[in-house]
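Given below, in the form of structure tokens, are the structures.
Okay, so subunit A shows up in both of these, paired with subunit B first and subunit C after.
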Partner chain A sequence: MPESKPVLMQGNEACAVGAIHAGVRFYAGYPITPSTEVAEQMAVRLPDVGGVFIQMEDEIAGMAAVIGASIGGMRAITATSGPGFSLKQENFGYAIMAEIPCVVVNVQRMGPSTGVPTAPAQGDMMQARWGTHGDHPVIAFSPASVYETYYLTIAAVNLSQKLRQPVLIMLDEVIGHMREKVTIPETGKLMVEKSSSNVPSDWKPYDEKGLTPLVPFGFGHYYHVTGLFHDQYGFPTGDPPQVERALDRIHNKLKKYRDEIMFTNYIGHKEPRVAIVAYGCTVRSARAVVKKAYWQNRLPVGLLSLQTVWPFPDKEIEALAEQVDVIIVPEMNMGQIVGEVERYARGKAEVVPLNRYDGEMINPDQISEEVGRWLS
Partner chain B sequence: MAVIEQLTQDFLRTKKLPHIWCPGCGNGIVTAALVRAIERADFDQKDVVIVSGIGCSSRAAGYLNFNTLHTTHGRALAFATGLKMARPELKLFVIMGDGDCSAIGGNHFIHSARRNIDLNAVIVNNHIYGMTGGQHSPLTPAGKKATTAPRGTLEREFDLLKLARGAGATFGARGIAAQPRQLEQLITRGAKHKGFSVIEALSPCPIAYGRRNKLGGAVEMLRDMKDSSISVEKASSMEAAELEDKTITGVLFSEEAPEFSEEYHKSITKENA
Partner chain C sequence: MANRQEILLTGAGGQGLILASIVLANAAVNDNKNVVQTQSYGPEARGGASMSGVIIDIDTIEYPKVTTPTVLLCMNQASFNKYMPKVKPDCTIIIDSTFVSGSYSDEYKVQAFPITRAAREQLGKEVVANMLALGVINAATGLVDREIFRDSIYKMAPKGSGELNQEAFDLGYRLYEEGTGQDIGVSAQTPQ
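The block that comes next holds the complex of A and B.
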């Protein structure tokens, strides 16, 4: 890879490259449209850096192998789409519970079920939040460009490692398959420290006092990893106070490190009356609207794009709702994130869904029309 | 005895005992045989990893003093595959029950065999789902009763070792809880074998299986297990008719073939060169 030189790259490819630049050395997965290029890129690139690529027998095994590799100390990632995302949910929940770092990419396609495999959609946003059973914390990023895919993949890998929490990258077919100019920095500069077996002698895998780094298997720290509720050494417990503490533990780390998890971006008028809240490929159409309405015509319009969708940017929405009359939420589904926006707008602003679910993108004209209605 | 005490100290998490298993259960016998086999194989304790699925026997992982990974139902081999590929130097033992391995985990089982990845699968076969109270598994013999087969199951059972061999496993052995020394030797041989090793350990479940099928208590079940078993060496000179209803124990097959994790890492080194 030539250093800091712009290249034309596909979203799925940027995801693979970003992962490798973030130190990922393990990929296990199963072919599925429209995410297959992530696997194909990894199959080509990982052997060159001494990494492991393995095509598993099914989606479930792909998720399981990634967790196994991560426990062995290798940064690991898997990618899938709709039906495969459903199959991965149980083991994804295991990784949350056992606090094993890993990154799962879902290149969203039109569902439910087999749906339209080659058409884009944003229909898995609530599944990302609640797809696996039980009360669990989730981190999910939603890139709006090839460039963002590269950087958010790096952020996801590093954050996952730091918080010992799986991170989802909710791509969509548009971003996954589109080609765009990206400037890739010199390789290696973005990597963070490798995990180490060098820990204090009183190291506990699930220390009550807070986050501890994961010591990979095979270094003489004999601990237990389980999906059962466990004590600070990893051993199963059904003791109510310990169960409650363990659940608080996995939720609290996301609250504590909120600033490092939350990525949003506002563009447009300083005192907007109409705001658009968007994520993923829909951001692109919304940006075109703001360009025209604000940059050309100085109308009081703005766009808050969410790179982080889960945990939900509650404070950011609250602050926005204080400012504006209306928040328009365009989504390529029947209305998922709009419910969250409404919840945190707390009645301070009107919240208007704008949905499209025919397998086509929401175009700028659709959003413009809605914005115009509220400005007149 | 001194050796046993030392093993108990080193390889068992004695603070986690007593175990959760029912009186008369064979899981303890199989676990003890595994511990002795690890000692016999002369592996470094820090290189040994115990992976297990979900079910009664899979709880053994929590009592063993190694790096232990208690995974999800049926998926132990898939977790183990990832770990072995990331860290080929580790020695992995994968404990599964009959339902865990051959029903929900059947796909991972045949594909691990096909890859011939160096994992040691120890399947504790008690012919029943014990943890959930006695439902039939793919290894419940046809005609036997279970809560979900109150009139006796109509389904035919797998022969796990034939399945493993057909799928490409390179080592297959069967032992019984009634002969723990032999079981220990079989696990040791499997551990030393490079490639996918399958060790099926027949184990009594008097509570969820024996009682419903009027097989008596633990003592009777172990005695019957011993009486109906025959070594593979003896069996080789017997007629098929004589072997009906017999359990053949010992090493049923052992052959050499390229091992997956080693081949993979060799191949990428070549590419880098």
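The block that comes next holds the complex of A and C.
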């Protein structure tokens, strides 16, 4: 098969292309820097593939329209940044509760509030986890390159369909706006989760026995959709055993399919003493450090990059902490994921935050300095 | 050409520098090189400071931001004042003498060309000054194969303006070949 030709592509564009390749045919949202190019690209590309693009009156409506489209049988996505992400939280929680597949992209910028619109940050990582209320499960990916953005968007769409679970893509301004050389595979080579056409006759929308495929409205099954706790037919209930079962149900599907959700990658020394744990654009700076420290100088340094940030890669961190003296966690915030790393390191390794929050990217020198301090 | 080239294009918002960096990055991809393009700008569409960086390397590129420029383009006075002191003496510095004047230490290699004026007077369109600047840069550094660069410009230009943009690129080559003029408004000074 002929190889596809390499092209120059922007992170946000790769997100739009990935979504369309994964079968997304609906976009609704409200443009905001630095996520606007996702909307722009969807507006250009969706009509060509028979899709629908709507610019809504605000981010709340964008999220609502995506949920509506999804339950109507279309794969749907929306993109935003910090301020819009805050607005989407309520409906996002609704989609988790009602188990409606969708993908929400947050291209993170410097906050709080309107912050610095064109500056990068990683300040929404905890909002991704706990932004919407209640004890909910969350899947969130954090790409570190244009190509990762492309394939994680496809993975997000697939997983959201398969698990009937909304998925977040936590980009940042650096990766979203950066352009680099990528080779996009031809569409025929992709694994795309198929919608189920043969549904059992006793299909229930929220079957107590476990995960059931979503049957869109208008395809012969009548059911109720609500944000209230519901029974297996979707009707509201306050019955304690049913409430407990329903909450277990939405959490257990993530546990059961952990292997398909969890993407992490380790590079570096086989027996590292100093490890870096990074996600998003910070991975690139960390990789530059490992390249020099390990590949060139054979120092006992390694990098665990987290493409999946939520659910948190607990076992991976536990295993890493067993091996190393120290884990350095560079983040473009005042320290968010470092708390999780500390929790799962369980005191087996020192956990050191490395933070930058001036609207600039953490550079390799900063990480290198910290690594050097622990090696000497 | 060294393995790694870091190019910084600086000026005011509206001069087309981010677009120029995308065109350059595209040409580099077509020339089979690894490339990363980034930008930094304020909330304004015009005015304000604009800076974009392109890294071209044969190795994979990790940290995407330009740290030690090997090529610096300054299209206005503010950017010249800001970035010129930050680069190393062996950096190739190209300035648009239409807007930039001043003095600099003579250990630097500064080459001045009337980029915007040439676009306005010889091509009748100031908007192609960015492509003209790319012509000057490529003539000075040989970053990308000239023909591949010209093709990339043609493919990326809006319909009907491919030739004009290529002409601007070629005019950049001519300006470079004619050399830095006398009346360029900048002068080298031996550091005290």
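Going forward, the second predicted complex is superposed on the first by the 365 of 376 C-alpha atoms of A that agree within 3 Å, B and C clash if a C-alpha of one lies under 4 Å from a C-alpha of the other, contacts with A are read in each partner's own complex, and residues count from 1 in each chain.
Rule of thumb we're sticking to: contacts are C-beta pairs under 8 Å (C-beta built on N, C-alpha and C of every residue); 3 or more make two chains touch, one makes a residue touch a chain.
All figures in this text were calculated on a predicted structure; none of them were measured in a lab.
Asker: Looking at A:218 after the superposition, I want to know if it touches subunit B, subunit C, both of them or none. Which is it: first, second, both, neither?
Answerer: First partner only.
Asker: According to the stated criteria, A:94 is in contact with first (subunit B), second (subunit C), both, or neither; which is it?
Answerer: first
Asker: For A:183, using the defined touch cut-off, is the partner it touches subunit B, subunit C, both, or neither? Pick first, second, both or neither.
Answerer: Neither partner.
Asker: Using the superposition on chain A described above, determine whether A:7 touches subunit B (first), subunit C (second), both, or neither.
Answerer: After superposition on chain A, A:7 lies in contact with subunit C alone.
Asker: Does subunit B (first) or subunit C (second) touch A:285, or do both, or does neither?
Answerer: second
Asker: Between subunit B and subunit C, which one contacts more residues of subunit A in the superposed model?
Answerer: Of the two chains, more subunit A residues are contacted by B.
Asker: Name the contact category of A:118: first (subunit B only), second (subunit C only), both, or neither.
Answerer: second
Asker: Just subunit B (first), just subunit C (second), both, or neither: which does A:60 touch?
Answerer: In the superposed model, A:60 contacts subunit B only, not subunit C.
Asker: Please identify the positions on subunit A that touch both subunit B and subunit C, taking each partner from its own complex.
Answerer: In subunit A, no position sits in both the subunit B and subunit C interfaces.
Asker: Using the touch definition from the top, list the residues of subunit A that touch subunit B in their complex.
Answerer: Touching subunit B: residues 25-26, 28, 47-48, 50-52, 54, 56-58, 60-61, 64-74, 76, 90-91, 94, 216-228, 235-236 of subunit A.
Asker: Which of the residues in subunit C come into contact with subunit A in the complex?
Answerer: Residue positions touching the partner: 22, 25-26, 29, 32-43, 61-65, 67.
Asker: Which residues of subunit A touch subunit C in their complex?
Answerer: Answer in residue numbers: 6-8, 33, 117-118, 174, 177-181, 281, 284-285, 287-288, 291, 361, 363-364.
Asker: Sort out for me which residues of subunit B touch subunit A in the complex.
Answerer: My answer: residues 16, 45-47, 49, 51, 61-62, 65-72, 75, 78-87, 89-90, 107-108, 111, 264, 267-268, 271-272.
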